Every structure is written in structure tokens, then in C-alpha cells.
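Got a structure for you, questions after.
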């Protein structure tokens, strides 16, 4: 009997209502404004690393969505190696957030994690209802990704201490916008009740009225 | 001054009017019908390997578009290693078509090379007008990809000796269909005039009447 | 309280596990091969009209997905009027399948009903699991649409008497292909058990093994 | 000889490097916050109406991209009639911006003009390089659409007097964001040099460095 989704060859990925996205943190920061990003990005990376450990204890899938930096020919692991080995500015980020072998990877060619990537299909198979967005920068790749998640009716947690931009003002304005327009929860990571989120990924008041 | 496409960080990929796609040939063939695929796939792989060398002499970009076999967590290079090292049925394919370091990779989650992948964006940046489609299987992933290429107004060469399916009849019917409906050129690879294709990727009679 | 999907302003469309698609049947047939299409298309239209009445008795949503014939500036109702009023070859099709005021409309710019259209979003809101595909032509727009539906894991019924092409052979080959590759059920419309399909849109043997 | 793009049946739409988008202005404003939108939206509509006349004198294509307000079953012309005839709050908008018979229409199901619509395909056929975005609301549908346009490498003019939101502050913050992040030109409509834009849709300093 013909099996649907034969291309997945039975390896249907895990199902989970919540996923943790780590966006563009495997990053050499070797671009003109990279210097300004370094300090806030490292601070966010420390928080994300802790959040990631708590997430994995609960079996929440962790998905690295990362810019390919024009390196259409390389794999994500090569990007990781480049960030660890080549004496680049972003080395501490790769050290703090070194991917585990059971993390998911999605390479993105543009700002949004959803644009021309497999993310949509992956989330559908995982049956994800809420995304926890983390990474850089709050006002570009995080905001662009949040917008695309929102149009797909995904609920959003964007812990304020797990995102960074080149200035504090840019992060603040972007977080306020995502709270107001997309109903994002920006509670900082330490106060994020992950077990509760897994039980109840879409709080009642957010549900579509019918 | 703000540079457009900042995410590509200046590493805009090459531009070329023709691209060679190698679809699902890095493949362990470890599925029930894999046995039937082995012989025709190896035969196609030999032709594709020759065609690939000719293409690279002309700087035609080579793009591996490959199933992730449910391995959302692995990179393409890991899939290659699995096919070379684990004593799998498809080992000869990976040996014949071992990717070069300057080849492009696109992981696809479903049948079509375009569905939920970065291929569309990559081809747009490369300014590709004609695709040379090769790989397996003629009647599923090649046919699904050809349809999506055709809807994007890309011209198609599908050399009859560089594709394979589980039966000769399935390949024959699919090739006839792609010739008739999508205007695909199925000239076998030895007779494909690559320098001419690069000069003239869209023959006059195929051009849109206006 | 912020309502998700605010753009739908509370008018969430109906939910139904099955939908009937009528593809490209509002058609003037005023193109070179149109003459060859007329007779088989009218025959299919008669069967579709009957099937549509049965579907509507069961509240199955009916979705017209129609080529815009380059008329980016017109609405579907104008296309309907053109087919009814201007003495065109396809007039009998529009008479047999005149849309009801509660039918859905999706204009498509290319061959597949899914390419650059709202269909995907509409089906998601309707929670559709099985599509009944009808219309013309079996080997182009029906086949292209079936492929895109299949990649989205939708189950397919394509009643053999409700589709048409320019030749009987083209319809026959396309139906066999969709049966074999996509697991489509091509049972003719009279024998289609619609109440059963609504109860059980994805038969057990088609379900994804997990 | 098979003609590419057969679905367009020779009616390839006009080509033009610039297009004027009018987003969600055919709008009954019959939602809770609609009262707050009325005055700023009417003011923007007056400016858009003047800009539209100037655009049409230069043959710049005008594209209405409009929410379907959950009315999946209606056409755009019906939405226009509803706004003109039913004594709704948004009637002055429809009067000021009554669509001409040669304007283009795109119905959108979600916030962005690009999400699950034909807009991308239409702009590609028109060969548009710069969009002039107008309409409501600056901080939601305009901003979401601008992001998607920017990821497609389209240049943006967003005249500050041709957009509106529920508060002046929301418009101001959104315009500053689109200027900074997407390089949008927010010059007010009276000072927009349309003939110059048509000659030179992508100013030199915006071009991709290679």
C-alpha cells in the first residue's frame, strides 16, 4: 500500500506544539556594523543557551535558522566551523550556542526565516502552534520572521532578553511593535513557564473566535 | 549607503543563464523498490558524471537538489558520507557523483525541487533561464520539478540518458509527457550542445509571443 | 482582546473535510485547440453539474478555480458573463456550471490551482483533507494541481467522468498516472459515496505511518 | 510550436518598471477601531486619488490589493458595491478611489499583499522594479507588504501623505522604520517626481554592488 509522504521514508519528525528558534546566532559578525552587535549579541546568547537547555529537558525541538551569508555552497556545519576556527568576531556566539546533533537546521537566503526555506513544512510536520523566537537582530530578521509566523497563525513568545539589535532602542521599539500588533509575549526567559506553554501553547484568549 | 540584499553580504552568487540540476542521486536506495532502481540509476549516473564535467568546463553552475530522507537534522555532506560509508545499496551513485566543493546544494523536503526550498531564490540570483534536469525518478521528482520549473517560465533540457525510474516504461511515458506539455528537449547528453545552450538558452521559437 | 486573524474579521469560512474543485470550466474555449475540447468538456460538465448538486446537498464547499486568461483586470463574474453573452464556443460550459452565490472563487494565473493563488490558505481555513478534482484539462491543469495537492498531503478523488482533455488518450494516461503516483481515486462520479467521504476523508490505508 | 505561458493566451499584461499599489482602501471600516481610522484614511484617500490620476497619465499600472474581509465568495467589484451602497462608514473612501476598468485587482486573505496572492506573478510579468505603496494601515498591512517587497528586491516609495493608521504616532514610527531598514523613500506625493521614477526606478546608490 502506497504510503503518503514517501519522501520522508517513514522518518516523520517529532511532533511538538512548541519550538525554539535560534535565528542568525551562528554569525561571524564580520560586517561593518558587527562591532556594535557583539556585546548585546553575546549577552543574548548567554540567555538563549540557558533557555535552550531548559527547552531540551522538555523535548522542545530546537531549530537553528541561519543566514547562509552568500555561502550557497556550504552546509550549516561548515558555517559553524568557520565561526569557531577562523578567529572571527562572532566566535563567542558559536561557542555559547554550539548546535547539538539532534537540533534541526534551516538555511535561509533572506531576512525572514520563512522566505524560500523549508521552515513552513518542518513546522507543519512538527504540528507546532507556538514559536519561541530568539536571536538577532530584533528589528530585522526577528521582526520579519515574526510577521510571517503571525500570518501563519502561530502564537509567539519573544523573550526580551534573548534578542538583540545594534542599539537598545531598536530592540525596544521592535518588541513593543510585536507585542501590540502580533500579540507576542515578550516575558523574559527566566520567567517563561515552559512546561505550561507545552500544555497550553495557544492561551484561550488568543484563540480564533468562530 | 544601504546596500540592497544585505543578507548576501556582497557574496552575490555567480550569474549564468544555464544550470545543471542533479536530483536525488545522493541516495542510499534503501527502500523497498530501491533494488529496481539500482541498475538504471547507475547507468544514468555515469552519463550525468560526464555531462557534469563538460558543464563545469564551461562554468555552468551545478546544483545538487536532494531529498533529506526525513533527516531534517543532517547536512548534505552527512548524507553524502552516509551513502559512501555505510555499505548502502546506492554507494555507486555517490561515488560517481561525489559533489565538488564549488557545487551548490539544496535540500528538498518533498518531491519537487521547488517546494519549500531555496531553489527559486538561488535561480533568480543566478539569472538562470534554462535548467538541465537529471536524476531520479523520471516520473516523480523529475516530473514534479519540471512542472514547477515550467510554471516559472524556465526552459528545460532533460537528457533521456541522464534520468531513470524503476521501469523503462515509466521513464519513456514521463519523457514524452514533458516533451509534449512543457516543450522539454530530451536530446541525449552526448548530443547536447552546451556552448550553444549557454549562448542561446531560450531558442527563438520558445520565446513568449507578445 | 486581540483576535487572531483579524483580517478575516470574524468571518472565518466554513469548515469541511472535503471540497469540490471545478477547474477552468468557465472557459470560452476560444483558442486553437478549443474545438477539440468542446465535446469532451461538455460531457464532463454534465457530470460535474450533477456531482455539484449532490455535493451541495451535503454542504460540501464548491470552489471554482479558474484561469484569468490574461484578464488580470477582470473579476470572475465578468469572465462568467463573457462566456455566457459573447457567443463563444464555451457557452454551454458556463450554462451547465453557472456558479451559485455561495460558491468560492479562486483566480489562478498559471496551470496549477495552487501556484500564486489563495487556494492553499482557503483550504487550510476550511480544514480540507480531501479534494475532489474536476475540470479541464486532465493532463495539464488537473495534473499540475493534483501534484501540488499531493505534496500538501491532501487525499484526492478525481472522478474519471468529470475531467476532460483534447484526446481520450491524454485523459487516460493522466488518470493512470495520478492513480499510481498520487494514490488518486478515479471512481466515476455516479459511484462516488459522498456521505462516506465526508465521514472518512482519509481512508485508513492512506494514513501516514508513524 | 508550443507557446510558453499558454495560460496567458497571448494576453501578456503591460510592462512597466513602476506600479502604484492601493492597499485596503476599499474598506467599509465597520470594525471596532474603524471610527479612529476614518478621518486619516479619508485624508490619505484624497492624496492617493490625485497621485493615481498623475500615475495613469504616465501609464503607470494601478493595482488595488484588497482584503477580502472573509468574503471568499465575492469579487472585488462586489466589495466596491458594498462600500458604496450599504451606508457604511468607509463610503467616502470608495467614492474617492472608485476603481477604473483598466486597474488591476488582487484579493489578499492576510495582512501582506504578497501572502497567498497573485501579486508576485503579476509584478514579475509587468517587470516592476519599484512599488509606490499607499493605503492603510501604515503599521500593519503597509509594513507587512513593504517587508515582503523588500525581500523580493523591489525598491519602495511610500509617500507619507498617502498612508494612514489609527494614530499619527503609529504612522510616524512605521515610516521611520521602513526608511531605515528598507531604504524606502517617504517623500510626500506632491513632491514625487513620477516621470523621473519611470526613467530611473532604481537609483544608482540602491543598486546591488557586485
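Here the chain labels run A, B, C and D in written order, and each chain numbers its own residues starting at 1.
Everything below uses one rule, namely that a residue touches a chain if its C-beta (ideal position, glycine included) is under 8 Å from a C-beta of that chain, and two chains touch if they have at least 3 such contacts.
All figures in this text were calculated on a predicted structure; none of them were measured in a lab.
Novice: Going chain by chain, each one touching the next, work out the least steps from chain C to chain D.
Specialist: 1
Novice: Counting residue numbers used by both copies over all numbers at the interface, does the chain A-chain B contact come out same (over half shared) or different (under half)?
Specialist: Same-residue interface.
Novice: Distance-wise, how many Å sit between the C-alpha centres of chain A and chain D, to the nearest whole number?
Specialist: Once rounded, the distance between the two centres reads 31 Å.
Novice: Using mean CA coordinates as chain centres, what's the gap between chain A and chain C in Å?
Specialist: 38
Novice: Can you list every residue of chain D that touches 2 or more other chains, as numbers and ranges?
Specialist: 10, 12, 110-111, 115
Novice: Report the residues of chain D in contact with chain A in the complex, numbered from low to high.
Specialist: 110-112, 115, 139-140, 144, 147, 150-151, 173, 177, 181
Novice: Of all residues in chain C, which touch chain D in the complex?
Specialist: Spelled out, the residues of chain C in touch with chain D are 7-13, 31, 67, 69-73, 75-78, 101-105, 107-111, 115-118, 120-122.
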